[in-house]
Amino acid sequence: MASTSSAVGNGSPAVKWLLRVVVIGYLFLLVAWPTAYVVRHTFDDGLTGLRTALSDPDVVHALVLTVQVSVAAVVINTLFGVGMSLLLVRHRFVGRRALSALIDLPLSVSPVVVGLALVLVYNGRFGWFGPWLEAHGLQIVFARPGMILATCFVILPLVVREVVPVLEELGDDQEQAARSLGANAWQTFWRITLPGVRWAVVYGVVLSLARALGEFGAIKVVAGNVGGETQVATVLVQQKYQNFEQQTAYSMAFLLVFAAVLCLVVVALLRPKEGHR
Amino acid sequence: MSATSAPAALRGRVTRRRRPAAAGTLGTGSALGLGIAMTWFSLLVLIPLSAVVVKATGGGLSTFVDVLDNPQTRNALQLTVLSSLAITALNVVMGTVIAWVLVRDRFWGKAVLDLVIDIPFALPTIVAGLVLLALYGPSSPLGIHVNNTRWAVLLAMAFVTLPFIVRTVQPVLEELDTDVEDAAASLGAGRATTFRRVVLPALVPAICAGAALSFARGISEYGALVLISGNLANRTEVVSVRLFSFLEGGNTQSAAAVATIMLLVALVAIVVLDVVQRRVSHRG
Amino acid sequence: MNRTIKVAAALSAAGVLALTGCSGGSSADTGATINVVGYSVLEQANSEVIKAFEDTAAGKDVTIKGSYGASGDQSRAVAAGQDADEVHLSLEPDVTRLVDEGIVAKDWKDNATKGICTNSVVVMVVQKGNPKDIHTWADLVKPGVGIVTPNPASSGSAKWNLLAAYGSVLADGGDDGAAQAYMKKFFGNVAALPDSGRDATTAFTSGTGDVLLSYENEAILARQSGQDFDYVVPDSTLLIENPCAVTEGASKDAQAFLDFQKSKEGQKLYAQTGYRPLVDVGDVEVKGANDPSSPFPQPQKLLTIDSNFGGWDAANAKFFDEDNGILTKIQADTGQ
């Protein structure tokens, strides 16, 4: 961990305090205060808000569905992310740089377009693959697979972006050593590489989980939103708010944010303090 | 630690490596892995996005010309791109400052700040929109009324793009060895000079990587923007809203055309920042 | 290292569990299931109607699943393959889209109600006490009045509002020129154009604007749910007619539900959430209405799309065509 005794950091106290004030003020006005607003409105009447919300079967179903879809998407994306990171860093092949740039692309795609793109390809009536898939029993759009796909789309870069820098930092000396000692690829990966990047992977997983829980636009287009069946929590939040059941909406939002923040806190606490990311 | 000139590897970007390339070529296992990864990536991202492009180009170039001819669409494009650029610039400054304070400073409660930065990831965008409207809209307790103005667009974008540059710069700062800074100081360089000539160049690649992400995220934002901006044509209407209008009107082709244009814009930004990164890291 | 294994195992287990959840889509129901796809405001009203239907003989073994959202979104979703046995949308063009795709029969309008299931009228929602004294369409274009209406480009149901505004001039004897001049002033006063009708209500209740153009049933429902504002039924307004239809290949249970919706019992339930009944339902107490015992005052001039605007196809093309629509052009011009 870089010590605070660096020449530049030992600035005048005025500069240090100024920076602190600016940062805290900015973060407060932009993030902390809005979040506090959600918390405040959830607990306006103590726990009744949450209790009412959780007594609604649609709410419970939506929350469970959100968790299921998010976890599935995060698992798939982590496998892809770790694998892709290894490929990008440890190997050379044609188009490597292009691929690395393309991986960032999903972030730039508006949720409306994500939905549109997936529907164009996978819908059962005139999509590119949809009719064939549905004829073989796999419905993608307006069913769970579609929701998982949409979520995977939006969280795609998150694990890769965490793992790649760490893999580069680590270098492959140890891996080469292991290989020269006779370890096969799997053993090298499992015993040398993975432990090296595990905190990057965990952080990436938690970030993608947080993002997945909160995904709204893309999933809304792809899901069909049948209450009690294909309606995820974020869509239900909007519906509840617009049906003038604001407290339920805020309670659900609070639960989603709380779950994500909890994961982040747990990771932050578990991570060894030597600054090894 | 070897005296490598580039203080830290770029974050999130594949670049020239500090150590000599090992088994660079793909073995069968890795080739298979690449195949699977690429298949997934294609099915998930490449093919659906190309479906959009194909839909757009179905009517030939005239679709694009018509779309760009429409002043309302042009204004929406301009507003979105310029706002995202502005917010990215803001994030470059604020993100670096925040990362600096998080890494180089110590005070009680700093860990909470660290957590706060990740919240924009966790908060569903519609909730963010509702809350921003409540706090900075007509009934703002602070008396700040940005709703239905362009400031609302900037505010919403600032919210969702907050984490990106901070999180790319932070690890680089953490790894940064202060030896060089101390050396510079001992040679008589002032703090500002040291920052400008030693620290900043090390951070620029990370800043560029984060800026690309921030810009990309900014142009795609919808949920947080939609309520607070008012969607006034030619004034506060962003591209996502315009796109949605085309879809609603049954004009999928124009919607796809607008989407394709935005994809191109994002690609250009990513590529430009990638090139800038490479230039700086070569020089450094 | 052990922890890594545990973490990985936990993740995989969770993933597997989640994926098995995939197959847990629709469990087999003993009776029939019908999928109702409706527009957003319908949700609360339909929950009562569905419960009542399931109490009748025809609805005893029927399970009804509902999907509610913005009318255009829902229409597009059904066109792209979302399961629907009955569609109940905000305006006719959204059903026409499905007719064009072959999902709804071409003769869906050939019945006693011409394919309509629920009715309402365009009203002006104002802040409690009506501080700016807004009662007529002319009051809307006075300087300093902020109008909130959903964006007709992204909300099909917004078209009702604008046609009501335009039609108010025609109803008073003005010609197209006068109406267009009025709409120019109207758009000049627009404070916000939210995405959808519901977003518009949200924006208004959060403090934007002085008057919200909305549907009477939405205003009444909002007041029933505790929102504190007033609404005015102007002298001339447009009859909002929400179409409903069963899809091709739907079971007769869907038709039974549709018939129930149009029946006296169904319409009475709709009336209690603010819709104007299609048939005579006797006296109804409607909480939230301006006068609960006489909830649906008859406006002096009630316009309809068919008689005053030549039907939806013509109206859509004349007013809302992307390039040449009269209102589209005025809206874009005033934004400059």
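Per-chain numbering from 1; labels A, B and C assigned in written order.
We take it that contacts are C-beta pairs under 8 Å (C-beta built on N, C-alpha and C of every residue); 3 or more make two chains touch, one makes a residue touch a chain.
Note that this is a predicted model, so its numbers are computed, not measured.
Asker: Trace the shortest chain of touching neighbours from chain A to chain B and give its length in steps.
Answerer: 1
Asker: Where the centre means the average of the CA atoms, what chain is farthest from chain B?
Answerer: C
Asker: Consider the two chain pairs A-C and B-C; indicate the one with the greater count of contacting C-beta pairs.
Answerer: Taking the two pairs in turn, the one with more contacts turns out to be A-C.
Asker: Which whole number of Å gives the spacing of the CA centres of chain A and chain B?
Answerer: Measuring from centre to centre gives 16 Å for this pair.
Asker: Round to the nearest whole Å and give the separation of the Cα centres of chain A and chain C.
Answerer: About 34 Å, centre to centre.
Asker: Hunt down the residues of chain C that sit against at least two other chains at once, touch-wise.
Answerer: 199, 202
Asker: Can you list the residues of chain A that touch 2 or more other chains?
Answerer: 241
Asker: Among the residues of chain B, which are close enough to touch at least two other chains?
Answerer: 130, 134, 244, 247
Asker: What part of chain C is in contact with chain A in the complex they form?
Answerer: Chain C residues touching chain A: 1, 4, 7, 11-12, 14-15, 17-19, 21-22, 25-26, 35, 40, 43-44, 65-69, 73, 77, 79-83, 101, 198-199, 201-202, 221-222, 225-227.
Asker: For chain A, which residues are in contact with chain B within the complex?
Answerer: The contact residues of chain A facing chain B are 1-11, 16, 19-20, 22-24, 26-27, 30-35, 37-38, 80, 83-84, 86-93, 96-97, 100-114, 116-118, 120-122, 128, 149, 152-153, 156-157, 160-161, 164-165, 168-169, 171-173, 175-176, 179, 185, 207, 210-211, 213-217, 234, 237-238, 241, 250, 253, 256-257, 260-261, 264-265, 268, 275, 277.
Asker: Provide the residue numbers of chain C that touch chain B in the complex, in ascending order.
Answerer: Interface residues on the chain C side: 72, 76, 97, 151, 153-156, 190-195, 199, 202-203, 206-208, 320, 322, 331-332, 334-336.
Asker: In their complex, what parts of chain A are in touch with chain C?
Answerer: Checking each residue of chain A against chain C gives 67-69, 71-72, 75-76, 78, 119, 123-127, 130, 134, 141-145, 148, 191, 194-195, 198, 202, 205, 220-221, 224-231, 239, 241-245.
Asker: Residue numbers of chain B touching chain A in their complex, please.
Answerer: Spelled out, the residues of chain B in touch with chain A are 8-15, 17-19, 21-27, 29-30, 33-34, 36-37, 40-41, 44-49, 51-52, 55, 94, 97-98, 100-101, 103-107, 111, 113-128, 130-132, 134-135, 155, 158-159, 162, 171, 173-178, 181-182, 184-185, 191, 194-195, 198-199, 212-213, 215-217, 219-223, 239-240, 243-244, 247, 252, 255-256, 259, 262-263, 266-267, 269-271, 274.
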